[in-house]
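Listed below are the structures to be examined.
Each of the next two complexes has subunit A plus one more chain, namely subunit B in the first and subunit C in the second.
Moving on, here comes the complex of A and B:
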């Protein structure tokens, strides 16, 4: 397999040809915020808009999850423009997030918390207005608990449910109303979900979590 | 005989047959009735019925044809009469009575009923022609030239006037020649972004793969835009011919029309056109004996705005939800079913036959250096002559508004023009003399978009206009990506607050910051352009935003929460009760001075009293901020 050599934040790293920049960086211990990227997915969703980086010679920041590595590429994961875009995307997600870490099963293992820590973003909404949606927690499944108020619409559960599960999860509605739900919008408990728990493993936040009684290792 | 001369000969026969059919139309009087969707909305089908009945009743031998839209939508229903011995004359605002008189007096007698004439179609000594009016002098129809003059459902009409000659010509040349000709013409895509068409075709032509596709994008999701529909309803063959030429150029054997399902008449007429072209040997296997085969299908889109975006359009044709994906790869290299695919707008394709027929150089003679050719605009809003107009690129806004559109109605003053639909922007009076083309518009913060043009007058609040367009894009966002789904929503919330007088200091700056990030950070063109109306209104009308935020005042007196209705005591004719009767909520009472007063608590701001107050008094006014009412009350 051919490898290419590139520079990320001044460090020389090797990556498989054709691989996306995000994975090259992460595998080399360079963190780039990301929520929607899925290793092994054929087409990146590029939906969360958190993985922006600057590449020398490119006029604008680009998303690392969609950009294939190229021999000699010079990448910077931080710049005023990148930081600003990432911060705005992060704030936007928080403004639409039921923020309640103290009572959240994912407290301390949450990807939003990690982004806040790595980028020194405050984990609260200051500049923007809170855009809460009144969505009910779905407690119907014996295995999985779904809190749509915490969902960041990354789509990882939808993907994994199709790949490894029963394929009952999908997106519904458009725009601000977009949400992850089951086929026919029925509660998880009646959806034909087989309780494999794969979605819980990939959910980066506290939206899909295991029920206390169920043992799903994450 | 080589294939070139077979093509030429086969086509010459087809042309001869069509010309004979077309000529025979001139043997007796001919009446054209515009029955595109716009005409139908104005009652053209009733007019058509009356004309047919009257002809029958009076035993007059004349042909009646249904045609498309000539662009003079303001004057519809529109009827054009060809009578031997007279110039062809178009009549506007036709009522059933006028229709009856045209049949009886003009066709039955010899009175051309000039009092109802809009204009003649040719210069003559009897009636002013279209080209004698300022509008006619500015307009330069290329792709609208046959619209409203031929029956869109008869392929012979199109062929008789030169149609399909470009396709026949292209088939006698190499595909590379066609690509080069389009490249040389400088044609830029009319779907919004203005991407060079020739370069797109070349990329697709050179992309590896045997199977390729061409798609005509007739999704037309912009609110208020109807150019693409009008063309498909008025001259579908022109677009079909353009698509076939595109297919030959890039090497595609299959093409599609992606038409929104809300356009049933366009769908019907395009389907008929495809069928007729097949029968004439202009589609299908071995077209005109050239060895080239190509066929076309119609795909009906569900009508989501975002489905006009190329990658979302492809997804929806593949049976997936219409969500955009990251580009590259671009459709020209990996599009429908992963194959190289050219997607072009209706208008872009409509130019193609004209360019192939008359040459790249001819095309470049019109328009500006960077944007050759013409632009089709749909004029709407506060303008006297609404409708479609095709003008050279580089025409000024002033010419469009005042010459083509005949200016602002009701003696109001011009304020701005919103151009390019939801992805476009608002340009102020200072931009009136700007020659408009792709580049000047984007420099000024607007966009050609698909050509929608809404003219605004002094009564339009620019914050409200920005809110209106953002409300549209916010609702149409597919919701896939964070920036657009939540960024436009945040912006909309701020705009709503401002129009309600709840704006806060710093809101303008926050809007600007969010706008920049949504533009830079969104996944697809919808999000990347959604902030344009906000950015351009802040750029040119910042004082209006500030008045709303700092003074709770709407300078245009439009934002409901920031205005109050008030009766000027000095102007109120005390014995008149007009306003009292008009008020639906009984908010108006008579005070001890016999002056009418509005109870602000009860008033629902319906404006009935303002309209009811006789014009000689004009005693009812709007005040902003609403607190002015109390202030005035104290002074009295």
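Moving on, here comes the complex of A and C:
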């Protein structure tokens, strides 16, 4: 397979032709914040708006998960414009996130925490108003625990549930009401979910987690 | 919200008839749902399951689309349909307060129906009577300059009595 050479943050890296910039950077140890990207997904949703980078010659920042690498491309993962965009997207996500790290099963392995750490963002909402929904934890499955209040709507579980699971997960409603749920909003335990736990492995936050009794390794 | 066996049977029959004239392409999803809605006045879960089977997609995908667009209602309309205007003028004049009154008095949320099937509640965009804001439309009849006491009055005219000082919040009916 053909490879191309490009520069990311001053480092020369190689990548497979046609590969998306996000994966090229991550494979080379250069972190770009991301939540919704799925390796292997044909059409990136580019929904989380966290993976912005600047590319020389481009008028404005672009999402790294949708941008294919090109020979000689010069990329910067940081710039005042990028940092602002990413910070705002991050704060928007946090503004309706049930932030409770101390009691969260994903404490210390959470992607939101990682983004905050890597970008030196405070893990709290400063400029925006907090708008939390009062959503109930779904404890009905013997294997998976679902806390919709922590969900960042990245869509990774929906994707993997189709690929490897039973296809019971999907998005419903829109806007502020949007939610990952099942057909008719029935609890997971009655949804036909077979408890394969693939969604738990891909969830970047503490929304889908394994039940204590069940051993799903993340 | 539980449908009666009769309602389910009718829903399945009608959906079956509609599906006969559509090929199994995913692109037909919205037209089919629109037909179901037109025939039944709503799109019940049993119909969605049939549609999903016909198109060979997970039922949750049909649910996803049906809950995305306001034009689809998931439950049968009540005997009286209460539509609260949330257009700009009505919003400015406190339409959301009026909506809250209806919710509290009926004990249901938007897009739900009372357990006795008497009333269903919806929010609508500008109904074109902005000078009368805030507006509530009940069964095609427009009521302007609605106040919380007017909400009680309207309910009274339908024979619903609200005892003085009673603010009890009812349980929202769950969709089923």
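One rule holds in what follows: the second predicted complex is superposed on the first by the 218 of 218 C-alpha atoms of A that agree within 3 Å, B and C clash if a C-alpha of one lies under 4 Å from a C-alpha of the other, contacts with A are read in each partner's own complex, and residues count from 1 in each chain.
We adopt the following convention: contacts are C-beta pairs under 8 Å (C-beta built on N, C-alpha and C of every residue); 3 or more make two chains touch, one makes a residue touch a chain.
Just so you know, these numbers come straight off a predicted model, no measurement behind them.
Novice: Examine A:89 and indicate which partner it touches, taking first as subunit B and second as subunit C; both and neither are also allowed.
Specialist: In the superposition, A:89 touches subunit B alone.
Novice: With both complexes overlaid on chain A, does A:212 touch subunit B (first), subunit C (second), both or neither?
Specialist: After superposing on A, A:212 lies clear of both subunit B and subunit C.
Novice: Looking at A:168 after the superposition, I want to know if it touches subunit B, subunit C, both of them or none. Which is it: first, second, both, neither?
Specialist: Only subunit C; A:168 stays clear of subunit B.
Novice: Looking only at subunit A, is it subunit B or subunit C that touches more of its residues?
Specialist: The partner that reaches more residues of subunit A in the superposed model: B.
Novice: Figure out whether A:183 sits in contact with subunit B (first) or subunit C (second), or with both, or with neither.
Specialist: Only subunit C is touched by A:183; subunit B is not.
Novice: Across the two complexes, find the residues of subunit A that touch subunit B and also touch subunit C.
Specialist: Looking at subunit A, the two contact sets intersect at 171, 173-174.
Novice: For the complex, give me every residue of subunit A touching subunit C.
Specialist: So the residues of subunit A in touch with subunit C come to 162, 167-174, 181-185.
Novice: List the residues on subunit C that touch subunit A in their complex, please.
Specialist: Those residues of subunit C that touch subunit A are 45, 48-49, 58-64, 67-68, 175-176.
Novice: Write out the stretch or stretches of subunit B touching subunit A in their complex.
Specialist: The touching residues are 304, 321, 325-326, 474-483, 485-487, 489-490, 493-494, 510, 513-514, 517, 520-523.
Novice: Applying the document's contact rule, which stretches of subunit A touch subunit B when the two form their complex?
Specialist: 43-50, 52, 60-61, 63, 66, 81, 84-85, 88-89, 92-93, 95-96, 127-129, 131, 152-153, 171, 173-178
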